[in-house]
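Both of the next two complexes hold chain A, though its partner changes from chain B to chain C.
Moving on, here comes the complex of A and B:
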């Protein structure tokens, strides 16, 4: 999940300076293009372009790998299945397509601050105002979700530790109950903090 | 100027505060008391997070029942657990979140965020994810996000409970230098040593109200 949670790598490349909206539109367009590319050769060309973009962004190899790492087993499985049911070129191109799309999406998160994505989302969501929804609240929901992932991961670790300390690792109930209670407590505290920070005003 | 007049607070079946009257004008006010004595509720009354069931709470002449939003703009609140208070994924973004409705230009927001992060030693972490900070640094970040709004009053609910000695000393030193009026609820008695006034809360009532030495002495006796 680290790819989602504040993976922004500060930098001054042209990718960093590009507006969030342009990057999101570019991502949508290039993913469509990836779907349309048929031959492995064309996809190899696309791969070269993606590698070039990563090089230009200057985020480093470790950050790049962290984006693709979560899909590595999926990619291997996809390749094997395609190899059995289709042929080598088809397997290579569909696997490349998935990996490249994930890499491109990762590049957007690496070079864009969450606040810039939020602001862009807020502008794009402006029309929902007519449906009686507040775009600011929708984009806040998104960033609260991103922020809550590491907090919940910590909670899971703590509950697991407490379980182990009491020797009840196998009990599903001893895991689920404190986790749900902890999550609800966190939600309460978060709501209170948002009120204190003037969200209701 | 914080005034509580015959404040009762009932949460469900439990009467948490039973007739609290006080007016707090001193610059450093501490509140101590046993777990469940009602001191956290007392803190939450000051910025209108909790409303009195009867009685009134006024802050600078404004009633928390009718003008909670205005009061919250001038009363900053720091919670015990910074993880609940930090709402944005990265450090600088969380501080900037506080300023979102100020109508400031982007450069001005960035300048104020940088300034407050520098003052509290978090400048190098500006673009780091908040969950990479240590517990003490998270509490400092929560404090930055409150102080960037330059509140007139700062209320803290056990700000040092989760901190190590070094960070709680840092918070104590910070408290001494803050220009604001500060109300601190805490179990950390040394923190209150140089305060102007300390209240002791027990079973929903103020049972002692004096200078730190006298009030803390009373508290130690009741807890013995």
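Moving on, here comes the complex of A and C:
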């Protein structure tokens, strides 16, 4: 399994140095502000600010495009629909709003280390300890999930091969049932191993 | 009370940590390209919602919601675990954010309906659970958020979202079939059976 790393681009700009929590709060505030901006002129101003922030962060055009790329077809479709049902200013401003919100969030992703962001989000999840999930269990849960991704990817490959060997490549059931049963077996063995190491004591 | 220290242990044993993390990883892996293409390679269908429904039917209400939350947390932290290698905070400010966040109550509702079925949930119940939780609740969360972000009216957004409805209905049907098959092959995959066994084991 390759590429299981964040999209973080190393750098030394002030955006890189801001704490993760401040960036998340800033993102939440600016996305709310974007929703409140109605006129195309105001949104054009916001677009200029976003471009400036990207320039200051120095992440490069390719990294910026990679963040916005997933919504490109949605943006085109939205523009066309708005053009038909409303007018050009409305189409421009709603498309711009969507692209800007995604670009801003992408900027936080690009300038914050995955570990820093994860630590910050973990703190936000602290209230789950009232459900019996203390901080230790929560971080164990997160790291076990990360470890399980390549294990599950392996399992997918094995089930695919078994399916091919049986000549039923087209059957979705012959893929998913063994996959889920295999995942459960793995999970329950893992649970026993954790219990045997005294996690429940 | 003497239960002071053992309460957290009973409400969240290691067996549950393992299941929740493996299912969160399973949902992530179902989004990998080529995990499953239903009609040859013509229509690549992301199977992550299938994973969400399966988590609901097998883990039950709270554990499935937690599995989805763990996955979304890792995605928010920037890991490319969503279909097509998407990840990062962008997906939570984008137009489909509501659908993504709707996975949490969606999985929970699916699990809740299955849990009401006791030790042997019927196929009809599994289908209902997947349709109501995995499709209904997810759309109920997704459409208003998309309408808010795009500025389109609720009605128009609903019409636009209807494009994905046939695929999601097919996934709900497939999920209930797979859940039924899994629960036959592995009785511990029924939330109620699992709970009884964990209780008996203590």
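What to note about this one:
Rule of thumb we're sticking to: the second predicted complex is superposed on the first by the 128 of 201 C-alpha atoms of A that agree within 3 Å, B and C clash if a C-alpha of one lies under 4 Å from a C-alpha of the other, contacts with A are read in each partner's own complex, and residues count from 1 in each chain.
Keep in mind that, in the parts below, a residue touches a chain if its C-beta (ideal position, glycine included) is under 8 Å from a C-beta of that chain, and two chains touch if they have at least 3 such contacts.
Every value quoted in this text rests on a predicted model; they were computed, and no experiment measured them.
Comparing chain C and chain B on the residues of chain A they touch gives the larger count to C. Look at A:10: by the touch rule set out above, it reaches chain B but stays clear of chain C. Using the contact criterion defined above for the overlaid structures, shared-chain residue A:195 touches chain B and also reaches chain C.
By the touch criterion stated above, A:151 is placed in contact with chain B and with chain C alike.
Of the two partner chains placed around the shared chain by superposition, chain C is the only one that A:101 touches, whereas chain B remains out of contact.
In the superposition on chain A, contact is made by A:181 with chain C only, not with chain B. Shared interface residues of chain A, touching chain B in one complex and chain C in the other, are 5-8, 114, 140, 144, 146-147, 151, 186, 190, 192, 194-195, 200-201.
Interface residues of chain B, counted against chain A in their complex, comprise 44, 47, 49, 68-69, 72-73, 77, 79, 81, 83-90, 93, 96-98, 101, 127-131, 145. Residues 5-8, 10, 113-115, 140, 143-144, 146-147, 150-151, 154, 186, 189-190, 192-198, 200-201 of chain A touch chain B in their complex.
Residues 3-8, 24, 27, 31, 35, 67-68, 70-71, 74, 77-78, 81-82, 85, 90, 93-94, 97-98, 101-106, 108-109, 112, 114, 117-118, 121-122, 125, 128, 131-134, 137, 140-142, 144-149, 151-153, 155-156, 170, 172-173, 175-177, 179-181, 183-188, 190-192, 194-195, 199-201 of chain A are the ones touching chain C in the complex. Only residues 7-26, 28-29, 32, 35-36, 38, 40, 50, 54, 58, 62, 66, 69-71, 73-74, 76-81, 84-96, 148-152, 156, 160, 174, 177-179, 181-182, 185-186, 188-189 of chain C touch chain A when the two sit together in their complex.
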